[in-house]
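In order of appearance the chains are A, B, C, D and E, and numbering begins at 1 in each one.
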């Protein structure tokens, strides 16, 4: 552990803003890249299911 | 075939001359003739080039010292935008009237035809821009030392702009709204040319050795010259197919 | 040779020739060593124009930094281990700015031969290490910067 | 590029969308667990346990995001170009889909790399942004990604879109060596590569081991994100086939 | 049995979520005229574009004289004359210049017959008039003049008779029949009732069209 206290950990030797901002952006990028396709998948399944229901009576 | 010739005896010579036209010369001659007939296509990029350069003294500052500082960049950016504007029409009219299909279906190597078309485009935009550049340099108080650098860098750089731009034009030829998209695709690839082109002019102004800059511009040109036609050809086949 | 083959051969030769030219020219360009900034030697030799905005780069000479107590003005010498130039700057210096550190300054030479910087950027290298290690290396005289400096001398 | 080569039948079957959907379904949980584990371990290690740099202090910890993001942004581009080329030459549908899935991920990672670079640059160099070769060429990489995404969405026919973007991606490949060597070729502000294959990293192991963990974590994350997008793309394109129909109704 | 000129195997094509044709098999031999029929949107143009090599959005195999199209692309283009929806005529050039350029792309074209061909399509006197001053029908005739110049064995003609008057159509029909008689092959689509009806093979795409 390279920090004495939690406050020091948050402060990052005066660079807290920079360090935490970087990690926050990284988190946002990673989460959007996972959540976005998952939501898209849900949407595709709903769309295709309704399309199949629509086309069923025809055949 | 004697029944065809009598009316125009003068023509028979031209016909046989025409027969030896390969795909390269055939396409080059045709494109030059086309823009000779539609002179506005020839002049518009040049007027645009002049106008953009006029905007800077009016919009930013007419101070000669400042203008001299930014002149290399301004002239290069203006040349780049003028080339970009003229790019969209490179294959579009051919696509619309069906001649592009005929080019793709001809047994001649597409590589040659494409190279000829790009060469024609450069002769009609890049070359006049280069010749006009010293005038802009004077308008923007570019020191006289920088003129040779300006002309040589544009001479080496504008063909690369035409070659790379043609890739974008070929990729977007089948799309109705190709104009903005083409800039989006091509501008990132123009950036290195712009950097070294304007750096060469800057270097010429400050009296630095220019060999390195010209060598890089030359390297980009020769790489573009041999590789770009392959990409343009592939892109055209894809666009027409879709 | 049949004309089709001949055409194809010409194209292939053209591509090979063009690629070779491109490689040759870029090798030449790399040997020319395009610098994005002037070294103190360039400036001392009057290669850099006076009055126009240029970038200059070099190492901060140990013990040359003079901070003005009244203002943010800083004066220091910048060297490439052959020649050195005095730099004057007003403003907040980056964290990495310290003696012996490589920097790039943007500004212009004035008539007194002082480089008036508008912006000072600190250049850092790929050698990262914990402070304790740095201290130990410092004691042993094996800091990368010092090693490089010795090499340059 | 005009002539198409034909591959043996088994190659096609191996790369059939259905097979690919099934195999990625099996691989996804493995990579997801690996990504979560490595990223979590790496982040805690990087933030709390790795030592601070002797010059930069704690802002050095940004390296654990910045370097993996930069490496990944470039690898992702290369993967996209290679997949595009395979799709172009062998008309392989799955390769086209892989290329399409790579573009948005690569763009966001390139943004991450640029953003963390800017944040890191402020305390160390003294400027959010400098126009030097490394940063500019990385910005060009982002622009290339954006151009590829724009071109892909502008073309309606999926096959034409895939082929066109593949050509553009291959042309843009010239930028990769420029990014790679910009630091060596031009004497710029940006420090040379942190990781190379041939040399030992110029930092002690307690610094570079967590970095390695983060790099692996980013690659695992990329694999997960890519497979998720790829699976969506497969369902979208194969929606007419009976197996997708069964998948949706069943 | 000799190898057929053009052999289509297992052709499948899908457009905008609609299967245009699947498992389409046919052969075209020397001396044959094949008329592709079908309603609007049945894929006539698409089929001709696939056969010409312009469109690659298909699955299946096409063989030209026993060789796969991918292996003999250049030979195939040398023996092909394609007439598409757009006539492929530059508006600011004259008919003569247009055909000259076409000849520079197709070495097999016999330019000595240029005036004869333009006369045959009823354009004598217009040789050196810019095409944008000519009517739509005249522009198409500039393109049709290629039929008189070309020695390519395979003609693929997509609606060649649009905007052409009755006499012109009759003349082109004679030309097509003559081409077939000399061992040429013609694949065409047209809405015109052709007089040579009985000599033509027909391919009806409506019967082939896949279900939605």
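A few points about this structure:
Everything below uses one rule, namely that contacts are C-beta pairs under 8 Å (C-beta built on N, C-alpha and C of every residue); 3 or more make two chains touch, one makes a residue touch a chain.
Please read all numbers here as calculations on a predicted model, not as lab measurements.
Excluding chain B leaves the other chains joined by touching in one piece. Note: the chain lying farthest from chain E is C, by mean C-alpha position.
Rounded to a whole number, the gap between the C-alpha centres of chain B and chain D is 34 angstrom. Centroids of chain C and chain E (each the mean of its C-alpha atoms) stand 65 Å apart. With centres defined as mean CA coordinates, chain E is found 47 Å away from chain D.
Centroids built from CA atoms put chain E at 55 Å from chain A. Contacts with at least two other chains are made by residues 56-57, 74 of chain E. Taken residue by residue, chain C touches two or more other chains at 34, whereas all remaining positions touch fewer. Across the complex, chain A is touched by residues 39, 43, 47-52, 57-59, 61-62, 65-66, 69, 104-105, 108-109, 111-112, 115-116, 119-120, 122-123, 221, 224-225, 228-229, 231-232, 235-236, 239, 244-245, 248-249 of chain D. Interface residues of chain E facing chain D in the complex, by the touch rule stated above, are 17, 56-57, 70-71, 73. Chain D meets chain B in the complex at residues 1-2, 88, 136, 140, 143-144, 146-147, 150-151, 154-155, 157, 159-160, 163-164, 167-168, 170-172, 174-175, 178. Residues 1-3, 9, 12-16, 18-19, 21-23, 25-26, 29-30, 32-34, 37-38, 40-41, 44-45, 48-49, 51-52 of chain A touch chain D in their complex. Those residues of chain C lying in contact with chain B across their complex are 7-8, 11, 14-15, 17-19, 21-26, 28-29, 32-34, 47-49, 52-54.
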